[in-house]
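Chain IDs A, B, C and D follow the sequence of writing; residue 1 opens each chain.
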Amino acid sequence: MSAQSVLAATLVEPGRYELREYPLPDPAPDCVLVKMEMSGICGTDKHTFQGYTTQYGGRQLEFPIIQGHENVGTIAAIGGDGTYTDFEGIPLRVGDRVVVGANISCGQCYYCRHDFPYYCCEKTTDYGNNLSAKHPPHLFGGWSQYIYILPGSFLVKVPDDLPSEVAVLTEIFAVSVGLDRAKQMSSFPSESFRFDDAVVVLGVGPLGMCFLMKARMLGAGTIIAVDLSDYRLEFARKLGADHVVNAARTAKSERLQIIRDLTHGRGADVVIECAGVPAAVPEALEMLRLSGLMVEAGNFSDLGEISLSPHRHLCAKNVRILAVGGEEPAAYGPSMRQMARYQKHYPLREFVTHRYGLRSVDAAVKKSIEPESIKVVLEPWR
Amino acid sequence: MSAQSVLAATLVEPGRYELREYPLPDPAPDCVLVKMEMSGICGTDKHTFQGYTTQYGGRQLEFPIIQGHENVGTIAAIGGDGTYTDFEGIPLRVGDRVVVGANISCGQCYYCRHDFPYYCCEKTTDYGNNLSAKHPPHLFGGWSQYIYILPGSFLVKVPDDLPSEVAVLTEIFAVSVGLDRAKQMSSFPSESFRFDDAVVVLGVGPLGMCFLMKARMLGAGTIIAVDLSDYRLEFARKLGADHVVNAARTAKSERLQIIRDLTHGRGADVVIECAGVPAAVPEALEMLRLSGLMVEAGNFSDLGEISLSPHRHLCAKNVRILAVGGEEPAAYGPSMRQMARYQKHYPLREFVTHRYGLRSVDAAVKKSIEPESIKVVLEPWR
Amino acid sequence: MSAQSVLAATLVEPGRYELREYPLPDPAPDCVLVKMEMSGICGTDKHTFQGYTTQYGGRQLEFPIIQGHENVGTIAAIGGDGTYTDFEGIPLRVGDRVVVGANISCGQCYYCRHDFPYYCCEKTTDYGNNLSAKHPPHLFGGWSQYIYILPGSFLVKVPDDLPSEVAVLTEIFAVSVGLDRAKQMSSFPSESFRFDDAVVVLGVGPLGMCFLMKARMLGAGTIIAVDLSDYRLEFARKLGADHVVNAARTAKSERLQIIRDLTHGRGADVVIECAGVPAAVPEALEMLRLSGLMVEAGNFSDLGEISLSPHRHLCAKNVRILAVGGEEPAAYGPSMRQMARYQKHYPLREFVTHRYGLRSVDAAVKKSIEPESIKVVLEPWR
Amino acid sequence: MSAQSVLAATLVEPGRYELREYPLPDPAPDCVLVKMEMSGICGTDKHTFQGYTTQYGGRQLEFPIIQGHENVGTIAAIGGDGTYTDFEGIPLRVGDRVVVGANISCGQCYYCRHDFPYYCCEKTTDYGNNLSAKHPPHLFGGWSQYIYILPGSFLVKVPDDLPSEVAVLTEIFAVSVGLDRAKQMSSFPSESFRFDDAVVVLGVGPLGMCFLMKARMLGAGTIIAVDLSDYRLEFARKLGADHVVNAARTAKSERLQIIRDLTHGRGADVVIECAGVPAAVPEALEMLRLSGLMVEAGNFSDLGEISLSPHRHLCAKNVRILAVGGEEPAAYGPSMRQMARYQKHYPLREFVTHRYGLRSVDAAVKKSIEPESIKVVLEPWR
């Protein structure tokens, strides 16, 4: 198999892709080679393309990078003795369809030993992001015909009844595990997130869309989606939003009034902030009722500062805030099984709106930035 | 009893007290008259005196006001059939020593019916604060020889082994119930507030001092107190602080480094913000380790805004914030019993550092603002 | 209105109903008269009819009793000034359709003051159960043309889009609030009840059926229903069960094997015990995986004892058990709104399978005991 | 170093110890050799000696066994490149004093991957228990001059200010992490374990004694210890019990009355069952108030069944039960640091009441079974 070469869209610096060739590697022991079927374009990918390369409060990226961490593919080769077990204990074989866990944790540091989320790991690395293509075997992202799986990674088998264009949402849907945590953060019956609570989702790009679905699956009542794009708001309705508000055609004061009108004047029980712009944070807090809960999942890259009143936005509201840094490995399997289950209620196959081959990576990323798209993917086999 | 008159320190406008006389009322049914023994001066009292009269995100005070909501006294008369039950179900009699619940909830609004904290009640009123002395029977604060207890209030009997100068701390100690809530806010074993966690208390005025004690009682490990006053820091040590940092003699960057040095470079597991200045909020977040917990209990009055980075301060830290708006009635009894228990370990009788009669109310409030005081009280019987 | 008389099915002793006439009362202040539209027959009603009259671990019933605590009707008259507010703060008027809260709490005892569930109230009373018809105005149950609402009760307005035959399920559906509590009982990510967890419901009478729906609404994965009746199991499938097991045609060992086969050999993550027979308790524990959660909601009347191994059933399994004593007032409104929402997915209008007039109360109760029924109701206006 | 031989007390079958010699091994890569300083005798050790060899709901032990899993010693040699990191990330060196983690988890099974407690691991093994001395290098228990640490184990460095006779309590104290979990199991403010709650500890052998201390450290109010031995009850008082009840001189009905008398007639908020006899389980439930919490940590070996009423003991009490299967690695470090801290308040150095050399192992185990002992240890260097 070794003499072959592999094509990969390679970001040589912010704003510039090159289609490069790499040698097809044999997987070492504890490693796997996965033939890519589909790879999503994530908000972080766009930010990197646009030059926002500061992540996790300071980390800098090393170019060139093969992007792509929302990956579905089939196992092409397994290193060592040819055995490999998926995250949930299922033995994997060549030909099996899998989702690739986006990150690798060391398993040995204080944070790993104490069951912290992966992004707390002192040596965390992640596919399609901070693993540079400079170093062999190079293929550390999904915008490539093959991806090389390093020791310490995790793979999760895709259920047979889950199409790949839904499975490709697994990683981003798994980030909504923040809502599961929110469900447990109550010390009071009155503390949200409760059954039938009114939930606002600020920003229904793909991540907000996943949080919206998850809110419904966990027992939300009235769900209100806010976004700049009618295209996205229309799809939010199909995924279960009861009301939508176009933020391009409303002032902030109007939006606050709409939320109050829909909630007996009290404000939302829960606001999930996925807008990806700092200014959405104070607005989210102002939309909340007293003792409400804000889930912050929108600012994975550093886009600036905002002004807050500790009294008015925090103390006087008795508010709780949960900032979500990412997903958890244990959320992949449940996410896939539940998306498979809810296909019959929600049009999940329409979530991927645009598909491109590797040669069109530039067009693909630009399309993903446009408001008239939901999830844009690359199909590296094209 | 009715022909008597009652003296009360009355705040006629910000910055100006008058000693006024009021008629001694007979209590109506469901009402009680309490002879005051001791009443604490709270941060809110100082803010009102200084002219910060916006509370709970917008509420305005109506002058004149008899301040004082940290109240210990003895029952002088019970209205109606002469029976009255304390919050925990104990029958009360004339002569019983009680702590007066600081607030009155309506019990009927959405928030009351759904077991929200009292400060969410749509009609919440509170002694010594937003019940104006303009309206009869006038005596709605503790800086008076008698306080008049309205229907819907609650009283809690003081245990015999608890001296009044400790019982007077009950209301403020009860605010630390926020830490009990924090203890339940974990969805992860790794989420604080855990046994042996490193806890920073920013600002050890009386409220911060109570949070510090409570943190120890709930299983904190290393406790670090930060304040501008050596006088307060010395007392914080006596109440269980392992380390103290004088913020008047250190730059913010030095303080952050000290915290990291004491926590294996990771940052504090929990930061409790009681400094009462907005600037302490971003500093508190920066002191936290990844996935840490910030308890915000310092900004009960509106003192301005601060600048935050949603990425750096929130998302990239995977942080949780619990903003605490006040105490809960159910926390009074436990607070008294535990302070009685821990008297043998902590010098709780030294917590009240200065005592004044009603005539010296002006001096008392000024003393309470000085850094060389902990809790300052009025003894209205003097 | 007062000269009229009211017909009510009256249980004069276990096993014997009489149709009696009572005077139509005028409601006193804080009281309400509700014209009954529909009243469900509950497991407790059957047990009382059969002579199991010991409740809440010792309480004895006083006959005669007008049963019926799952009540929907319209407001016929409001006492006092004619104003009345529903539990969620909505003003009510004559003609409004309401669900009647099944219980009255004193609001003053230790348990009420500390926000315990109503069945902990030291003076709890409940309609259709321990309020005897011996005492005027007699009409304290729903199997009557009118029900008399005492002070301290609560009413909840029925949403316009919720048919009465679904609204009648509100009280029993509200008992599934135990699952909301279970959702918060996790100290570990691994502790159930998690998103996508495998849930077994033992016994799908009306209560088990409600727990089954609620489990799905809160994010359950595979749901397995176990019952003696194919009739009920078939309806369980319509409400979302993925698998059903007929306990009349399987041995216990077979059932345990079926559960293991459906859960990768591990056992169920959650078992909800609603079978109403003591023997189901050890079976429920044996169906659980390690660290699983059992919700016990099936033994509201005393039907005997079972044998357990503290080692094998508890310690060695690291299990958690939540015993649910009943519903909560705050669960009524959310239950109604969510049943209204989910009508489009589930055939909730088929839940009520049989309807009877007051004259057929005996036949109605007997039908409700048969396995070929789900919810049986009385329509007192017939 | 290899020519040396090592003495170890070896249990060749229930009831019979032999002092055997084994070759001193060189540690393989990822392995460590620890020179034993002190090893505790645990309840499980006694049960194995007495012939109760069924554990974890079915597992059988393979003889001969070198017992001892509560181990303190110093590092004698490190395999491979000589580097080794303790559980909390601290580099270890020859001569460092460490506590040895009692168990080894596979890290790869479903349970390990999903952050379950170690005793859920599908391949869990534990020192001094199910690692037979039949297999080389034999030294898998602490009642030996040296213990051999296998890959996947964990060591925790002992703080300098913690004497070894306190450090030897680490493993058993760590089991009280169940109380930390209990603290998070509340979905209601009314649900225990709350600040100032009344806590009963049934059985104050070493484990119950640790739970008692932990309850105090986490904010318990009144603590009541129940045991058959005055000797133990006296020590329980020194560790913070407010009341003690000798179960040898009281009938069950008297004990229930004593608990009610101490709790305003309501019953205990929390009962921690550490008696190690099945009959204590129903008594524990009967001691609880409504909505109370029972922690079951006493039946690690199978000692028989008990009879329970699902109605009276569970549903009618609205009770919660947390069964604790063991400790967690993450609890070792906090346990050591907090025991070091609380040495000044509690006489922790008196906890170890008897010390024996390896030659007296038989006498040591018999002493540990007697009521006139707390923790009995072996000092293998004698």
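Basically, a contact is a pair of C-beta atoms (placed from the backbone, for glycine too) under 8 Å apart; a residue touches a chain by one contact, two chains touch by 3 or more.
Worth saying up front: this structure is predicted, and the values here are computed from it rather than measured.
Listing every chain that touches subunit A and subunit B alike gives C, D.
A count of contacting C-beta pairs for B-C and for A-C identifies A-C as the more extensively joined pair. Each chain gets a centre from the mean of its Cα atoms; for subunit B and subunit C, those two points are 42 Å apart. Computed from the mean C-alpha positions, the centre of subunit A lies at a distance of 40 Å from the centre of subunit C. Chain contacts: subunit C has residues 88-89, 110, 114-115, 180, 183-184, 186-189, 264, 330 touching two or more partner chains. By the touch rule above, subunit C contacts subunit B in their complex via residues 85, 87-89, 107-110, 113-115, 186-189, 329-330. The part of subunit D that touches subunit C in the complex is made up of residues 55-58, 110-111, 114-117, 119-120, 180-190, 264, 266, 278, 281, 290-291, 296-312, 314-326. Chain contact summary for the complex, subunit A toward subunit C: residues 88-89, 115, 177, 180, 183-184, 186, 189, 194-196, 214, 217-219, 221, 264, 328, 330-331, 333-335, 337-338, 341, 345.
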